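Take a look at these structures.
Two complexes follow with chain A in common, the first pairing it with chain B and the second with chain C.
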Partner chain A sequence: MLPTGLKRVALHGVQWLDDRTGVMWVLRHSMFHRVPISAKWWYVFGSATMMFFTVQVVSGIVLAMFYAPSAAQAYDSLVYINEQVPCGWMLRAIHGWSSNAMCYMMLLHLSQVFLHGTYKYPRELTWLFGVGLCILTLGLAFTGQIMRWDADAYWGLGIGAAIVDRMPMVGNQMRAIMLGGTEISGATLSRFFALHVFILPGTTVALIGLHLYSVLRKGISEMPKAGEVVDPATYTKGYEARVHKTGVPFYPDAARRDMVFCGAALIALVGVAAWFGPMGPGGLPDPTIIEASPRPDGLFLWIFAALALLPPGSETFLLLVGPPVGIALLAALPFISPRGERAPSRRPLSVLIFCTIVTGIGVLTWLGVASPWSPVMNAWTSTPIAPAFVVGRTPLELQGALEFQFAQCRNCHAIGGTGGMRGPDLTDVATRLSWDQLVRQIQQGGGNMPAYGKTLSSVETQALAAFLSTLDGGSLRAAIPGAMESQQQIDAAPTPVDSSTTSDAR
Partner chain B sequence: MMRKHSLPKSLSVVCLLVLGAGCEQLPGKPAPRVPAPTLDTAAGFTAFYADRCAGCHGVDGTHGPARPLRDGAYLASIPEVSLLAILRDGESGTRMPGFGGAAITGVSDDALRAFIAGMKTAWMPKTAEPSAVPWLQASITGDVALGEKLFADHCASCHTNTSNIQDPFYLRLVSDQHLRTSIVFGRSDLGMPGAAGPFQASDGAKVNAVLSANDVDALVAFLAKHRTLPLVAAKTKGTSR
Partner chain C sequence: MSESEIPPQSNDAPASSENRRGFLFAAGTTLMAIGGVLVAAPIIGAAVAPGMLPEKDQWISLGAAKNWVAATTVLIKFRNPGGAPDDGITRENACYVRCIEAGKFQVFAVNCAHLGCPVEWFSQSRLFMCPCHGGVYYEDGSRASGPPPRGLFEFEWRIREGQLEIHSGRLPGLQEGT
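The block that comes next holds the complex of A and B.
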């Protein structure tokens, strides 16, 4: 407890500050303003997003005291924080995971606002500031990944620079501005460091202020009810009357739920950080490692997949036009649909759009994790052919297995579930293709597969086809006429893929 | 008088200390970065092998389409300089690529020597004896008739199919040295004996014979003779197992 004298001094200081700034009025107005009584647990996501941002600011400030934003030292300084600074790894983990949590909480908040039609009249500006915050949050997450200065950061920057470079007329100049030169260097890191710790957080703080101000000015929306339409001519008057009559003060009624949710989210954050630890840094950034398989962080995996799957002819157009149009549509939403029903049950088109977007992003994220379009560049030397495909084979078939590895077929084709996924799994290829079809496919290629007719000699092709013709999936029968025509004995007495049953080595 | 719900100060201090000290014990703490094990250790060798060799030589040095390297007699017989040459430059007449040189992913001679040392540490028993038969093809001629007889007595019980080991497609893909290495060391992972036997007669009886250097020369000459046979049309493959 403070002594009475000190209390008096503190009270006098607060009165002085209030007199000069009016801060108490602001606090009173913001804490005790009335909110709709129906604003319950659906409304906690925005507060949680801001709480995670606060965690990031605090942890980021401490991390900045140890982080060295130079190309030569950044990576080592992260290792130093992980290993030498007391609880430094925990701080990095909290910073990284709170970034993820902030993004996901923001997306939940955005989804709730969209589904409840909260963006409609008169909260257009609140929505616009929110869209700005959404972009800034994603920008913070991306630039944060660059701070790790590992292989993922290096290649992520390379992809970003390649996209910027496609801009007509000004591509080169924009890339130079982005990278701080013609290539990824220390200047690039300095540039992204400034973005990550000064420009983006500063702008975010300003936009949060504007977002909250507009929330206070136009009030928190009520829970939507079917049949209660938004009509700009009557909405404000009716809203104010309802809030005045049945509303409750934000503090403690609504704030209590925010505090409970934020407290639980904070505990979960510390738990996840303590259990899973910090993110990276991964492998060293080395442009000479051509077998690198960089991945963006989880939130950007869907973009990674979308970029990989775009039809080549439309790449530049969609890359440069898609994001601005998407953002513009999002921003224009309250002006496109300013009135009408807010309840999801009366807005099937909005629900359909939402479900489509969520499903699309979910599928693309899953594809981004699997990235079946990427060859596994070192599979030919590092992915063994399982013994079940070796035991009992003739010398020529074994030689064919070597051709299979040496020609790097394995980088795109899996056998027994291991290997690349760009091409079809060949575990049972003998049941699907006849000998002639195997040879033709090897020599002429087809689909995405290159032709190997000029790469492999006829003898090597024969060996490869001989090996492939043994891949019958263990005990499968021919799926097409002509397949496995020379394997009638095997068809008659199918044997499982098990080395113990196929040990009659020749 | 209202009851205070705040924690005693001493308890707060204890909580902070426990949190601070416990930070080092939490499961999320990243393992310290230690330098990668050098190639001459079993761990360093294993990592390099898994990345560069396992695709052809098998996950544990056996049961790959290429010859097994987890073979004490083989490792004891091949001089380091020869192993180094094979690793660095590859082996002509086979699909063994060279891993040395000045390419981006090329490995220095010192690293390859360390790899050989690591491989012997991991896979060559201290009691391993080199083969009594020279592994290197010294003679380019051998007694084909003797080779044919030896093949019938020692090999034909397993290599029954004439389109098998005498398949000209196969023989055109491998060198005489490859044949010799296979005969001298066998493939114990696939049940094939080396020159030290024992073999299996056509009636299934065990034959405790040992092939001499001359015998190996003869077998190689006999097999190599089939290399120039006309290539039979396809569609006869895929009948193994």
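The block that comes next holds the complex of A and C.
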């Protein structure tokens, strides 16, 4: 207990501060404002997003004390932070993983707000500021990836530049403004540094202020209940009456859950950062190392996948029109659907849209990890071939096996489950294609395969077809009449195929 | 300040005072606008200048033209012209030079025409392959398969004083073209 004299001094000090700043009024309307009693664990994600943003700001400021935002030195300075700066590796790990955590918390927050119909009357502006924050957060994540200034950052910029360049009329100018010139260079890194540490965080702080002000002004929504519809004519009056009657002060009642969740999330962040370490930098940002296989960070993998799967004819249109339309639809949501039911059980269309988007992005991300459309660039030299595919083969067939490797067929086609996945697995191609079909496919290509008629001689083509016609899957009867002499031969692995097989098949 | 000390309301002010206030407001607005434009012009100008500057003539040499062997394609490294001191390793660049026959060349950018990833040349199959989305090109740069909407971008080339030169300094792109 404080002595009475000291108490009086402290009270006087608080009164003086309140008189000069009005701090008590601010606290009364922010920390102690009343929130619905039903606002419980579903409501912690927004606070967690803001907490991770704070971690980003603080760790980012300290990183800026060591990071050299120059194309000539950025990579080395990151290696220096990782290896020389005390706690530097952990600092980078926290910044990197907290960035992921911030994005995923924001997406959880967005999902909750969407599913609970919280964007409806009278919280349209709260939602709009939130949409802005969503775009800014993704922008911070992308520009942060550029700060790593490694091969992925360099080629990622190339991909960004290629997309911007597709804009009609102004693409060239916009690309030059984005890159700070006509090439990816030091000026590009400087621009993205300015975006990452000044423009985007500054705007984010401003929008967080507006978002929170809107939350305070229009209140936190109640948990939705089926049958309780939002009617602009009566909603505000009813909400205020209910909050006045049954609401609790944000601090400490509701804040307890935020504190528990945020505390646990912080500890989890430190655990993940310590376990997985900092993100990169990866390969050098050297444009002459063309053996790079650039990939975006996990959050953007679904876009990478979509770019492989979109029909080429509509790609430019979807790339340029898709994002603005998506953002416009998101922004227009509270004006399209300002009233009515908020409970997910009464909004099947919204739930369906949500599930479709989440499933779509999930599947695309999974495909992005596997990247089956990408050739395995070193499969022709590095992927072993099982003895079963070569033992007992004729010289012509063995020559064909060599052609299969040296013509880089393996980069796109697997045999026995190893190799590229761009084209079909050829383990049992002889059961699907006849000799003539094999030769035609090799020479003319088609179905997303180059025509090798320009590359392989007639003898090489014959040898390759001879090898491919031995690939019957090991346990399947060949579709080609005479391709397999007997079931015994099929069962015996490796399965030597008589040279007459190929001539018969011909 | 007591109520009696409050100065007279502006609607009681004489016409000359009204005019003076109006003039000051107009003058203030005009001066602020002029000052704002004067300050904003160099700031915005510097930010968007890279998109507005005219193209410079940037021919660079890749080496003696007679050194190339006919019917080969090789990766050649060069430095971007007009780079800045802090470009570091990103000032380096590369292109594929295809020597069709003596004195006849094709010079390809390493960037895939789909989205700019680096394509790799395979001399055995005489194909360029892209590791990102699987774009494939024939040795003459024409599109073989995959998502690219066109063939590989080509640098303009010439032979001057026995040197093979290319017109460089711009990242290729679909609108940029070549």
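In this section, the second predicted complex is superposed on the first by the 461 of 506 C-alpha atoms of A that agree within 3 Å, B and C clash if a C-alpha of one lies under 4 Å from a C-alpha of the other, contacts with A are read in each partner's own complex, and residues count from 1 in each chain.
By definition in this document, a residue touches a chain if its C-beta (ideal position, glycine included) is under 8 Å from a C-beta of that chain, and two chains touch if they have at least 3 such contacts.
Only a predicted model underlies this, so the values are computations on that prediction, with no experimental measurement involved.
In the superposition on chain A, contact of A:Ala72 is made with chain C only, not with chain B.
Touch criterion not met for A:Thr118: it reaches neither chain B nor chain C.
In the superposed model, A:Ala187 lies in contact with chain C only, and not with chain B. By the touch criterion defined above, A:Thr427 reaches neither chain B nor chain C. Once the two complexes are laid over each other on the shared chain, residue contacts for A:Ser99 go to neither chain B nor chain C.
Of the two partner chains placed by superposition, only chain B is touched by A:Val459; chain C is not.
In the superposition on chain A, A:Arg393 makes contact with chain B only, not with chain C.
When both complexes are overlaid on chain A, the residue A:Gln56 reaches neither chain B nor chain C. Of the two partner chains, both chain B and chain C are touched by A:Phe406.
Overlap of the chain B and chain C contact sets on chain A: residues 288, 290, 380, 406.
Residues 20, 23, 26-30, 32-33, 50-56, 58-59, 62-66, 95, 97, 104-105, 158-161, 163-165, 167, 169-170, 172-174, 187, 190-192, 231, 234-241 of chain B are the ones touching chain A in the complex. Of all the residues in chain A, the ones that touch chain B in their complex are 79, 82-83, 86-87, 89-90, 93, 273-278, 288, 290, 378-385, 387, 390-399, 401-406, 410, 430, 435-436, 439, 458-460, 462-463, 465-466, 469-470, 484-487, 489-490, 495, 499, 502-506.
Considering their complex, residues 70-75, 154-155, 158-159, 161-163, 165-167, 171-177, 179-188, 284-294, 304, 307-308, 310, 312, 315-316, 373-375, 377, 380, 406-408, 411-412, 422, 445, 448-452, 454-455 of chain A touch chain C. Contact residues of chain C toward chain A in the complex are 47-48, 50-53, 55, 75, 77, 80, 83-94, 110-111, 114-120, 122, 124-127, 129-134, 136, 138-139, 144-149, 169-171, 173-176.
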